[in-house]
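Every chain is named by a letter (A, B, C and D) in the order it is written, and numbering of its residues begins at 1.
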Amino acid sequence: MIRFESDYLEGAHPKILEKLTQTNFEQSAGYGVDAHCERARELIKKACEAPDAYVQFLVGGTQANTTVIASVLKPYEGVLSAVSGHINVHETGAVEATGHKVLGLESDNGKITAKQIKDAYLAHINDPTHEHMVKPVLVYISQPTENGTLYSKSELEAIRSVCDETGLYLFVDGARCGYGLKSENNDVFLPDLARLADVFYIGGTKVGALFGEAVVFTNRVLARDFRYMIKRHGGMLAKGRLLGIQFETLFEDGLYFEISEHAMSLAIKIKYALLDMGIKMLFDSPTNQQFPIFENSVYEKLSEKYSFSFWCTPDENSTAVRICTSWATKEENVDALLDDIRKALGK
Amino acid sequence: MIRFESDYLEGAHPKILEKLTQTNFEQSAGYGVDAHCERARELIKKACEAPDAYVQFLVGGTQANTTVIASVLKPYEGVLSAVSGHINVHETGAVEATGHKVLGLESDNGKITAKQIKDAYLAHINDPTHEHMVKPVLVYISQPTENGTLYSKSELEAIRSVCDETGLYLFVDGARCGYGLKSENNDVFLPDLARLADVFYIGGTKVGALFGEAVVFTNRVLARDFRYMIKRHGGMLAKGRLLGIQFETLFEDGLYFEISEHAMSLAIKIKYALLDMGIKMLFDSPTNQQFPIFENSVYEKLSEKYSFSFWCTPDENSTAVRICTSWATKEENVDALLDDIRKALGK
Amino acid sequence: MIRFESDYLEGAHPKILEKLTQTNFEQSAGYGVDAHCERARELIKKACEAPDAYVQFLVGGTQANTTVIASVLKPYEGVLSAVSGHINVHETGAVEATGHKVLGLESDNGKITAKQIKDAYLAHINDPTHEHMVKPVLVYISQPTENGTLYSKSELEAIRSVCDETGLYLFVDGARCGYGLKSENNDVFLPDLARLADVFYIGGTKVGALFGEAVVFTNRVLARDFRYMIKRHGGMLAKGRLLGIQFETLFEDGLYFEISEHAMSLAIKIKYALLDMGIKMLFDSPTNQQFPIFENSVYEKLSEKYSFSFWCTPDENSTAVRICTSWATKEENVDALLDDIRKALGK
Amino acid sequence: MIRFESDYLEGAHPKILEKLTQTNFEQSAGYGVDAHCERARELIKKACEAPDAYVQFLVGGTQANTTVIASVLKPYEGVLSAVSGHINVHETGAVEATGHKVLGLESDNGKITAKQIKDAYLAHINDPTHEHMVKPVLVYISQPTENGTLYSKSELEAIRSVCDETGLYLFVDGARCGYGLKSENNDVFLPDLARLADVFYIGGTKVGALFGEAVVFTNRVLARDFRYMIKRHGGMLAKGRLLGIQFETLFEDGLYFEISEHAMSLAIKIKYALLDMGIKMLFDSPTNQQFPIFENSVYEKLSEKYSFSFWCTPDENSTAVRICTSWATKEENVDALLDDIRKALGK
């Protein structure tokens, strides 16, 4: 079985394991205040051109989302998100577990617009019963989204502009942000995220690390006492240096970008090959997640040898799946997959 | 100013104040274990033909909704509700404050269907990542709904049937249930609610009491330790007898039903008079809340003398409002209102 | 049975019922923004000599405690309280339900000291692992305490002074504050509470109202969006005017103080009569709760005719109980009780 | 600087890094349902002689404590713990964040007794106002405790017996359980924990792993839907196999016990050497944490070359610290430390 279902199927980029092995007997203070974490913070701030940012490392994405959201909001405040957003669907109510409502905004492709955000804000403020309603205070978006789509710089600037007008905060979930950075036509880079978001994170788990997300607050007021919140949410890793070492490795020589580029080149190869074969895509994704719609017979045939994430059944004769590439995807496996699809299609 | 904006504009039905005054110097144990509460419980169980039910009194609707929902659900479980449901919109996230997600189902008129509920259940169970999603376990409906609409007996039976099949529980918010009981064409009575719901409540606040909601569990397993939950949510009234005395008064001689009938006769008078005048309604409500759509000029004219609840602006020339009747609504005020509407329409 | 177990055994002072009856048919806006609430707010601010205070009304004490505490604290912050404090023992974890830890301080008589508070603050700040510990941010005290004891003005000023030094906030639970105000030797009056606390409340439930607590924020920053919090915690009474009318009645002609004086004169009568009979008290209480220790045989004899709150068994031969007086306590019942105690003692 | 402050100063036992490297390119399903996790579960069940147990892996101790406690308790239920218990002091209110109160029991040495537990249970049940109090339902103990002390088998059996009588559940935090297992005089082994606790965990973080705790439910009713709870609390590691691989390595050839034995032999060497030198211990610990009390001058001298955890200042002339050994502690460093202590003492 060759697996394409996600971008976290293997361990970590070999350089990370090497670095962990090499530093294994160093003794260091716990909980993320060691020299590796400090150096990783500096490297990230440099990559973001944000020397005054506040950086902390968390183990996973749900933990990062929940801890940030619960830190920023007062109890009666809520977070705006696409209905399809990870926090609204795939975190078993982790945000609600902290007492906060996710205020869903409709979206076809995983993205929400500046206008939707402004309308939601105005609808609240202008409602005479607004004290009876959750107050929208934070905007949550993913870059790339759950559907692989990307915000353009102008879209993000429009959202930032609404936030500035209304006093809303902007939080960007960058669990897969590496793949966005290296997407063709992308014009949003780390310094843009740092400039436009109040807080965002750079995902490690899906981009070459064993685990780990680097949370970057450029709005430092929101970061006040954040380490208390990390501990309270069970997210303070005893051997915090493990996170430091991984992000050091990813950012000291551009490994994070190399990994992303590798995955993207294979994702694009898959995308255009499938489009050439006349296969439709559920979403027009420019990143490492591709969502082809196969006829059921094709899907069954392929499933004998390959694993995908089942996504939905657009109609009774077809099945949409997710195919992911990552740092670990081998070109030979991509080629084999494409060949087998061609065969299954009788081409 | 003559007010029609809600059904809680005045104090209480005079018989309630009389009974409070008459019993004022009795000494009784606190927290709802006094003789008045006991008698009120018996009267309610009798009215519901549910001798084995478990009855507790709470001060208000949000408190009743939250305490029941938080009692029934485990942390990772959620409650299905119309998107327009009171718990989803107008309780400032009280359900989320207890850690639970409200799982919204679309609805045009405030009602949800057995099919929607079953589909939501199946979508969860059949999703291979269901452990990453909030589990739907409780169904919340209102009778009447926020839009004044009513479930028929067959609709409720279909919902019950899905609940039986799937193991979901059914909770009916009856904040205005009196008005539903006395609606023309209604075929759902208290014994039906008792038979079909696992837990429901009979609203006092909007039906003649100063305040108070009587929560009735017919599924007694769900009622386990419910009084701990009441206290924990700040809902255990020290002078609990105030609730007992009010519900005793409402249920000892049929006052609850008289009040409801009075309000309904005036609501129906308004409804058909407005329809006769050619006024459109936002929802087709058979209960004490009516939602006429006025031309803006008519609305402005009427607003000089009457207050309504603003609801929405269906288009730029018109305004939809809510008009409520209650135990306290005077027929002369209804007549004056109707006259003034006719005049404003130039009829 | 003549009951002395609590100060919430009867309905309300007759003037309150009269006023409710008299205003019953007025129509008013819901949720505490009506003219009665406004007038009650003004009366309270005047009584507190705090023209800039922010006043809201809640139904009960647990609700008031929880809503205030959850409003003031960030998630990882906790509230210092006597171990015996109401929030730590008798609210079924309502504070924890909002995610906050009660940080208990030992106390023999229900009071905590400025030194204990400062030590707790320093212990936190000076601990190198303080990010792993709940941060003490709010001080909760009751005036009078659960044990009937009272803080003197100098004790409160010392606590205020520590709060000023450390940035802690001070919250005073005044569920029985009327009785404190009229206690012999008391030197803490409403303007003192307003000056020394950041937020406190004036209890109605135990001092003549049907129900109701008036929360007074003199630190207005802490009051930001407090009404959202009230709604979220199920504490926003639909017919909010009921609270306004009651506090208007209590404060427009000094009724609150009259009621308190009546109860205190009878409490003092009981206290000194019992001391004269050689009965020991569990706590030296100068307020309306008295805690005599009876020999078991005396206790059993009295229990045939009177009800008290059981408190504890200081040793196997004796029982400590709570006796309360209130606005409704009749002098003839007090005299009967004292006579019967004398008889039971063989005096 | 030679560090002795904790048992999580280094990376992981080299065999773990080797195994991670060796399996790095395997592709496996996420979230802990892969073959390595399955095998690790089998190995742990075998080591516990508990073939029917339910095992899940979590990243850290606070996460394990919180997720288990929140899974077992209903909202109004609390957890009994030594006042000094990790959940009561060092988790920034993580348990309270899930709405639960920690009910503290006094303890001199970190242990609580069967009698204390029974008394707490009876005090609750026998209090007529128990509905106003948090209900004790779960017992939390650590083996070894925060103070390095150990429960004997008979002590644990007495606690189990109280749990059986009262319906309380028993949860054992085994973050350092390896060191307990290999302590001299220990008579509590993994099968005993499995037999006596309803749920417990075997710590990896402090016993040779990079991170990870293996939660073992022998009461399977309590494990229902536990994976939903893991996800909800941000504890579901995407690359779950990392936990499986580590516990496989620890349990396939007895590595867990070897590591523990190594650490214990050095801890005992330190303990008896210090006692021989006449140094007093804050607690009489038979495990890998030792708590010597140094004169301040000695402490300062040693601090130039060694790091310890500051614990407290028993008096103004002395300082108590924690010294830990682990899988990674080198005998030569222990010898150097002991020599330097002797020198500092002038011996």
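Operating definition for what follows: a contact is a pair of C-beta atoms (placed from the backbone, for glycine too) under 8 Å apart; a residue touches a chain by one contact, two chains touch by 3 or more.
Treat the numbers as computed from the prediction; the structure is a model and nothing was measured.
Peer 1: Give the chain pair, either B-C or A-C, that is connected by more C-beta contacts.
Peer 2: If we tally the C-beta pairs in contact for A-C and B-C, the bigger total goes to B-C.
Peer 1: Since subunit A and subunit B are copies that touch, just let me know if over half of their interface numbering is common to both, same, or not, different.
Peer 2: same
Peer 1: Can you check how far apart subunit A and subunit B are, centre to centre, with Cα atoms defining each centre and the answer in Å?
Peer 2: Computed from C-alpha means, the inter-chain centre distance equals 42 Å.
Peer 1: Roughly how many whole angstrom separate the Cα centroids of subunit A and subunit C?
Peer 2: 50
Peer 1: So what's the Cα centroid distance for subunit B and subunit C, whole Å?
Peer 2: 34
Peer 1: When you check subunit D against every other chain, which residues touch at least two of them?
Peer 2: Residues 75-76, 91-93, 97-99, 131-132, 228-229, 231-232, 236 of subunit D each touch two or more of the other chains.
Peer 1: For a test of understanding, state which residues of subunit D touch subunit B in their complex under the given definition.
Peer 2: Residues of subunit D touching subunit B: 31, 70-71, 74-76, 98-99, 131-132, 135, 225, 227-229, 231-232, 236.
Peer 1: Show which residues of subunit A lie in contact with subunit D when the two form their complex.
Peer 2: Residues 1-3, 5-6, 8-12, 14, 17, 20-21, 23-30, 59-63, 66-67, 91-94, 97-98, 205-206, 210-211, 228-229, 231-239, 241-242, 328 of subunit A touch subunit D in their complex.
Peer 1: Quick one: which bits of subunit C touch subunit D in the complex? Just the residue numbers, please.
Peer 2: Result: residues 75-76, 78, 89-93, 96-102, 104, 128-129, 131-134, 310 of subunit C touch subunit D.
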